[in-house]
Amino acid sequence: MSMAPAVDAGLALLILGLGLWIIAARSNFAAVVGFMTYGLMLALVWVRLTAVDVAMTEAALGAGLTGVLLLGAAARLPAEAPGGGPGAGLRVLVAVLCVGVAAALAGVVLSLPEPAPSLAPLVAENLPPTGVKNPVTGVLLAHRAIDTLLETVVLIPALIGVWALAADRAWGARPGALTPRPSSSSLTLLAQVLPPFGILVGVHLVWAGADEPGGKFQGAAVLAAMWVLVVMAGLADLPKVTNRLMRYTLVLGPLVFVAIGLAGIWTAGAFLALPAGYAKPLIVLIEVVLTLSVALMLGLLLAGPPKERA
Amino acid sequence: MSLALDLFTIMSVALGALFFLAGTVGLLRFPDTLTRLHALTKADNLGLGLIVLGLLPQVGSVVAGLGLIAVWLLALLAGATVGQLLAGAVPPSESRQSHREGSRP
Amino acid sequence: MSGTTLFGLCGAALVGLGLYGLICHPGVLRKILAFNLIGSGVFLLFGVIAKRGGGALAAAGAGVDGDPVPQALVITGLVVAFAATAIAVALLLRLVELGGRDTLEDEAPRRAPPPPGRRS
Amino acid sequence: MTEFLLAAAVFVLGTVALGLVRILRGPTNADRMLAAQLLGTGGVAALLLLGVATGTSALAEVGLLLALLAAFASVAFVSGATSGGHTTSGGQAARGGEEPGRDAG
Amino acid sequence: MSPAWLADVLALGGDLLVVPLMLPVGGLLLGLVLGGRHLARVALALMVLGLAAALAVAAAVLQAGAPLHYELGGWSAPLGVGLKADGLSAVLLLISALVVLAVGIYAQRPFGVAPGTAETRSSLAFWMLLLGVWAGLNTVALGQDLFTLFVALELLTFSAVPLVALDGRAETLTAALRYLLFALLGSVLYLLGAVLFYGTFGTLDIALLATAIRGADPLPPALLAAASLMTVGLLAKTALFPLHLWLPPAHAGAPPAASAVLSALVVKGSFFLIVRIWFDLMPMLLTTTAAQILGALGVAAILYGGLLALRQARLKLLVAYSTLAQLGYLFLVFPLAAASEAAGSVDVLTGGMLQLVSHALAKAGMFLAAGLIAASLGQDQISALGGIARAMPITVLAFGLGGLALVGLEPSGAYLAKSLLDGPAAAGGQWWWGLAMSVGGLLTAAYLIRVFYHALAGFQLPPSLKRRPARYQELIALALALGALLLGLLPTELLGLVEIGRTGVELGGLR
């Protein structure tokens, strides 16, 4: 008997059970911890789906940073979810509707065409001009570069939206959602030992991302996590929201990306096109600067709006 | 040679898996947070260590092996520190305080 | 049934589950969690479609089998979902800080929050 | 060997599932976090087993990421739980009295 | 316009499309670095450039008589991502640039930073978010790839939601949170539809998908699921009845400059995508009951929004409910296009886009005017408006002209739109759509009369104003409202802009 189906079935059961728990739990905190475990299991599912790049992103962003964000929220909210909500009748109605949606989707999944349509051959054919060997990186930075550019740009209004929730007089203060813990030797130790390790992993992910699984988003998420860790241990302060250097770093990545893209109009005939022969170094350059900006943005999104310290 | 290595892998991984089981049983059966904590940090680190050890002969390259060892070391470091932190976060009265839920008294 | 199809069905179920939570759960934090659940279900469908469409790259020896386009889209989508969660959490925390409740229900609470230190 | 490693992965996942009961039952949040910590290590172990069994590339990196982020999450928990931000009933943390931004006219 | 100038622009070809795409993005990046006092001025300068770019694109499209295409990065679909500017895109680009510029001028005072003062929270946030909304809209107008459009929708959402909560009061935070949850649900449903398209046809490019769908027989079940999921998701973002719950508190609670953009433009972005999906992607589905359902929901929105607007005590809430009703008109496009012959369906779409533009101008003007009134009185209870018409004649005139434009008096854009829509309704024997439009017009007139009844009462005793509005702000509101009222005078060649890139054949040919 082959074990692979058992692995898949076990993972599927775990995921569904955890999903049910996240919805059904009474305690907010229990639901969030369930969500983090859920993210971890999802990373395993992505490995099973041979999408290692996604597994890394899920582990770092989906489970890690999102989990920490929600954990912080749960710690500041009442322990139990508020009561109320729709009445029993309506709940049944909604449940029926949701089962219907799920069943319809399941039907669609089962009826997907065979053989499956795929752009994989096209990507494989068009990967050599980009100079990179990781097809996911090729798609993100060459074939669909506009999505990646817009996505880093999307983070800017998101960050502004978070900052805008400050009190007027707190403008110019430091972000206040991360609460530095009163010094504790073990935490300080961890915050000193873990980041060098994490930074190494993050840099390696970015560097290797051109040819192997990994890339800027995964690397940036790790770097952001290490930064936040150091802040939580009280070893470093967050920059004030008006800090110039921070603002320059935030826009550096997208700005370089746009500049290279615009240069492409003259050097390679189209916006976001990369001149032949220079594609790989330019992609690596974009990856590196984007990593810096994205890591900073992710960390700041986690750090919340500026707040005056009491 | 290969057979011996395979045997080594099987033994080591199986033992590691058993440690995980032990850790889980401890997590479920031990009476309070602190004893659970102590049982757990040992069990899961040993479990992961044994599994990594068992996997070493199965990976092709030295680099990959070093990577596995790095994972274990990292988990060890994190587990130890976090265990200590969690222990600090559990005031003796915590088990009688709020945040509780479910059927256990 | 192949594992891939199984995960596809799993994704469909997660969407349904999350939808229920998003509509029915009164707590905002739980609505945010439910949204993330739907999101992961959708991403899982992307993954299933990527896996189904794989093969050609493996044949070309690229080391990854699976359609890289949906995989790239999921990575983009995960970052966007994180940003969405960050805004929602920040809004919620600010609302509670200003004395609001962690729910969007208009009427007064039907069930009083349990007093601290007592089991509900 | 592949089958054995996969079987071991299933076994470890099984213990993980068992450990979930602790997240469900609590009773304290520290217990839940402890369970999550065990699940994290178990998840890493299962990942390594799966990866070696199927010859996944960049396996150690995924493992490292998981271990790093698990440690990070635990620290975040401890910080949140002990920094006084933990409230047990609604609105008590509200400070109120913040002046609203000016209404643009 | 000089031919030489036009020739230069046309020579740019597709590269021209990069300008509206990247101008607001560049503004976002520069703005974050500049911050402080310069931001308001730089943003305004970019908005002037943006209007010029939108005009250039429209001129190029008109001149060419065909859509402009562009392949980003030189990669052609399905691997790459394309841009396209057809008549519809040009209209959305133009109206976005126009309203954003008007609001940008208006907001110089409330969101400017006085010399010598450091950067303030509300000013940085407002200008950055306004640029974000603009970037999202321009990407929605030009995008040809379902996933790129998803990112554009998120750009729009992430910029629009914080605008609602800009004043930081608990009520507006609640409104923003509710809006965000609706919008996120909408996005994720849209994305779900997109993945089903990819799984079935292996591409996300709208044109390639349309071809593949046309050739598919029978239609795969995934297609229906994807179409409904995407439509429902976008309806939640557009706030079509019954998914409208979030809109009134959000639009009424935001600062007026933000409300104007939210009501005039943001909800239109998602509507625009619904039009793209139904008219470009799968026109053959338009003849089915789905179009009738959309139309029926539109009618429900017209009646419900109108009735509730009539019952509001606050001016800004009244304007917000009026937006609900006016959005309903847009959805009559679907059943009417289905009911008309190929040539007529183009007319219907022209009418729909005209209604979109007319409402955008009128509603922006009305929200700005209502905001000025609220700021001057310190509150916006309709019953307490007595004498305001004497104290602030220009503002009240702007509000009134905007209202007349909504009612659809000649020569307003709405009048022309309704006559374009009425023809097919009558010809197709579907008189009830016309009836709904008339009843909606009556309701609109009723709630406006109620406002004027109060505003004109007590003409002898004008209220004491807490602060006087700046004259230029009043004039901006007036200009927007006048624009809506005089839209019907546009030369017919310009109306033909909407038809460019639209053959009508797809629709007619398949029935």
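Order of writing sets the labels: A, B, C, D and E. Residues in every chain begin at 1.
Just so we're on the same page, a contact is a pair of C-beta atoms (placed from the backbone, for glycine too) under 8 Å apart; a residue touches a chain by one contact, two chains touch by 3 or more.
Since the model is a prediction, treat every value here as computed from it, not as a measurement.
Chain centres here are means of the Cα atoms, and by that rule the chain farthest away from chain E is B. Ranking C-E and B-D by contacting C-beta pairs places B-D first. With each centre defined as the average position of its C-alpha atoms, the distance from chain B to chain C rounds to 28 Å.
Rounded to a whole number, the gap between the C-alpha centres of chain A and chain D is 15 angstrom. In terms of their C-alpha centroids, the spacing between chain A and chain E amounts to 31 Å.
For chain C, residues touching at least two other chains, in rising order: 15, 45, 48-49, 52-53, 63-64, 69, 73, 76, 80, 83-84, 87, 91-92, 94, 96, 98-102, 113-114, 116-117.
Of all residues in chain A, those that touch two or more other chains are 4, 7, 11, 25-27, 29-30, 48, 50, 52, 65, 72, 74, 76-80, 82, 105, 108, 112, 116-119, 123, 143-144, 147, 151, 154, 158, 161-162, 165, 167-168, 187, 190, 194, 197, 212-213. Counting only residues that touch two or more partner chains, chain B has 74, 77-78, 81-82, 85, 88, 97-101. Contact residues of chain A toward chain C in the complex are 4-5, 7-9, 11-12, 15-16, 19-20, 22-23, 26, 28, 31-32, 35, 38-39, 42, 45-46, 48-54, 57-58, 61-62, 65-66, 69-70, 72-74, 76-78, 80-86, 90-91, 94-95, 97-99, 101-103, 105-106, 108-110, 112, 116-121, 123-124, 127, 133-136, 138-140, 143-144, 147-148, 151, 154-155, 158, 161-162, 165, 177, 212-213, 215, 217, 294, 298, 301-302, 304-305.
Those residues of chain E whose C-beta lies close enough to touch chain C in the complex are 79, 147, 150-151, 154, 157-158, 161-162, 165, 168-170, 173-174, 176-178, 180-181, 184-185, 187-188, 191-192, 195-196, 198-199, 202. Across the interface of their complex, chain D is touched by residues 6, 9-10, 13-14, 16-17, 20-21, 23-25, 27-28, 33, 36-37, 40, 44-45, 47-48, 51-52, 55, 58-59, 64, 66-68, 70-71, 74-75, 77-79, 81-83, 85-86, 88-90, 94-95, 97-104 of chain B. Chain B contributes residues 74, 77-78, 81-82, 84-85, 88, 98-99, 101 to its touches with chain A in the complex.
Contacts from chain A toward chain E in the complex involve residues 104-105, 107-108, 111-113, 116-119, 122-123, 126, 142-147, 149-151, 153-154, 156-158, 160-168, 170-172, 242, 244, 247-248, 250-251, 254-255, 258, 262, 264-265, 268-274.
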